[in-house]
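So the structure is just underneath, and the comments pick up after that.
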Amino acid sequence: MEQLITILKLKKKYPLGDTVIEALKGIDLKIYKGDFTAIVGASGSGKSTLLNLIGTIDDPDDGEVYFKDINIFKLNENEKAKFRNEKIGFIFQSFNLIPVLNVLENVKIPLLLNKKLSEQQRTDKAIESLEEVGLKDFVYSTPNKLSGGQRQRVAIARALVNNPEFIIADEPTANLDSKTTMNVIDLMLKLNKEKGVTFLFSTHDEKLMDRVSKIIHIKDGLIL
Amino acid sequence: MIFLKWAFLNLKRNKRLTLATGFALVFGFTGLLLLSGYIKVVDRFVSTQTIYLNMVGHIGILKSGSVEDAYRNPEKYLLSSEEQKEIEQVLEIPFLKENIEKVSKKLTAFALLSAAEKNLPIYIEAYSEGMTAYIENHPQLVKWLPTLLSKIKSSDGVSLTKELYSMLGHDVNAQPIDVQVMTKTLDGYLNGVSDKLTGVHTTGLAFAEDVSAKMSLPKLQELLATDKIGTFSIFLKDETKIEEVIKQLKLSLKGKGFEIYSYNSDEIGAYYTGTMSFINSIGFFFYSLIALVSIFSIVNTLTMGINERTKEIGTLRSMGFNNYQISNLFSLEVIMLTFFAIIISSILYYVLSSFINSLKIPFEPAGSSGYVYFTIYISNSIMLAHACIILFISYLTSFIACKKKLNFNIAELLNEQGVYK
Amino acid sequence: MKILLFLFLALQVKAQNLQELLKVSDRARGGVAQGVSWNVKIKSWENELQTERNFQVKAKDVNAYVETSDIGRFKGEIYLFNDRTIWFFKPSLKKPVSISARERLSGQAANGDIASTNYARDYIPKLLKKESINGQNTFVLLLKAKNKTMTYDQIKYWISEKEKLGIKAEFLTLSGKVFKTAIFKYSNSIKFNGKQIPFVSEMIIQDAIQDSNKSILYYDKPVVEKISDNIFNINNISR
């Protein structure tokens, strides 16, 4: 299997008033293409920090993260932005949809940075992505008219639209009821199995453990 | 198109804030346009007064050093008849001939006017024949200073202002009377001439109305016992050609000991430059005030908008948008709002100006010898120029305002509590 | 000691009458009741220009009729000193023009104004001190104008003690600064009441502010003669 992400001795500290919190104390990890990996741990264990660092939306204090053979922390800001746009899809706990745009426009956002695509091409790709998540009939609805599960599916469609190498999801089901949670996880699984999308997501929901192919337990900033 | 729609919808998100900023921009911009329109009119008043009423012309040709030293030694700095011929020859150059409407020789002197048992100190300006008739019906005067035209009546004798007529106790419309004019000649001797008081004129300047007199050039030359003159005043067909004509004159008269000035120079147009520099200072003060208020409104709106949307910003950055691209999104909102403000302001500018102009409000500017109508100049170029400036200021302000907030770490942006609607 | 000196001076002057002093000094410059005439050449240096003018003067009491002897552009030029008014006339004018106070500050009008100044009539004298100038003892008087129409409000005047002739005058501005000075010389003489008395021969008028500006009046052939009042009548002067 192709090794996608290699993490070496990753460390991160946060100041908290007069003290310093060591969120990650030296993580070593490998993620392979096609993995459906859950990072599991209690609140404050360092799951979100790990995902943020892999997603280049935060900077480590020490250690390295390689995407294939690229050391992502050696990239400058513009290179990181390009990397995020082309290689990573993000799914957030609170969905983070743009409220003034409709579903189709929300899904198109990552495509707007690709100047080589025409407007029609962007629309077609977005609709295709929405079809994958079963929301083709809601293209012109605004987020406030959708349920929590539907919003999260829009977020998944947005994360997928640019055919990223992997998707990072930080507690994607935390704000959903149990039924919707299962639906969303099943959708993610489906995309993983049928389209080979690599997922790396954090959760503290034990009910999801039997659906994932790989579980990484994290506690006090270290992998168990 | 999505960006335009996005910007427009974001403006609608917080209607109250958008309207408040929009009103500030509308009132500010309308104020700027009206102020500019007024300043433009003042410029036209004062320049018309300087060029035509005071017969400075668009361009003056003088002897080098005369501006600084003529008062000490007038004779040294007058143009001799040979020098006059030299200049007249140059004025025959085709390029100059086709751009020049009229040329006048000019000579001035302080003197004493004696008439009707009274003696009055006067300042005489003498011009080439036919100049008063040229000025009397000039389109520029008719357009910008129509109310002062009634104070002009051309003559070939001595012309005084209405103020001087009143000081003499003589009616403007009465039969011409004999006057004696006395002064020291250029070589220092007392001399006098007699003439008839036949004309009336105005300088447009209150402070000059009680000394200004005009007489024919040959008569003043007889009084001063000279054939010299002080200046050539050149009147152009098209004011926009001043620089070109001056360039040609400087080329043709290079090294011959002459100075060439335009009417808006301190040397020959001190009243114009003094007045306009004062008006422009006032204008600049108000421009700056309005610009500052607009900038603060925009910064305030943007800051609040950014604070409300930090999570959105973080999300966009996670999707690959860089700071510059996100800053442009906010700038687009500001520019859109400014654009709407410009449209509304422009309409208000046209409507208000037309209304004010239609009222024909008589107004006596400080230092003027008569009244003019309070007018606002209506011009597309003023409107466009200001629109460009305010759009630029808006863009720059938004760019600078965004810079600080967007420099945050993405994780921090995503962690902040934003208002989600 | 100073008080004694001052008292001594005061006694001296009281005996001589300051007003009488002024009258005698005026006479030596043309203030003769029945009339006196003379020729005058005026050389002037003003603002780097040098000029020379020639006039014939007829003076009687407080009036003077001055006509140019020059030809060409100056032909027919007349200055009439009529009491306190100075009139100017030339053939190019239809009637005479009175010369303003400003005109009297420079040029020929100024020279004429100073030359014709009638100290006894127009000024109130006050003795300041005694002074010796070029070996001559003089009374130094401060003259204050009797009315506001005078060109000079105050004049400092040196009169020789022995001959009662004006030696020097300083014409002061309102603030008391010296505006012009005049130096008088008396090499001429005229017959007055059967006696030969000194008459002015030279008057040097110097501008105190621009010291390159000065005029020298050379008096020639003064003679006492009967002069008709008609020539001093302004209405008789016109084209």
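Letters A, B and C mark the chains in the order given here, with residues in each chain numbered from 1 onward.
We adopt the following convention: contacts are C-beta pairs under 8 Å (C-beta built on N, C-alpha and C of every residue); 3 or more make two chains touch, one makes a residue touch a chain.
This structure is a prediction, so every number in the text was calculated from the model and none was measured.
The touch graph of these protein chains is an open line. Chain centre most remote from that of subunit B: A (centre = mean of CA atoms). Separating the centre of subunit A from that of subunit B, both taken as means of CA atoms, is a distance of 64 Å.
The distance from the centre of subunit B to the centre of subunit C, with each centre set as the mean of the Cα atoms, comes to 55 Å. With each centre defined as the average position of its C-alpha atoms, the distance from subunit A to subunit C rounds to 113 Å.
Those residues of subunit B in touch with two or more other chains do not exist in this structure. Shared interface positions of subunit C, i.e. residues touching 2 or more other chains, are not present.
Touching subunit C in their complex are the following residues of subunit B: 72-73, 112, 114, 119, 121, 178, 180, 182, 184, 187-194, 222, 225. Those residues of subunit A whose C-beta lies close enough to touch subunit B in the complex are 52, 55, 57-59, 77-78, 81-86, 90, 92, 94, 96, 98-101, 105, 108-110, 112-113, 119, 144, 158. For subunit B in complex with subunit A, the residues that touch the partner chain are 1-3, 5-6, 9-10, 12-13, 311-312, 314-323, 325, 409-411, 414, 420-421.
Those residues of subunit C lying in contact with subunit B across their complex are 44, 46-49, 51, 53, 73-74, 77, 88-90, 92-95, 97-100, 102-103, 106-109.
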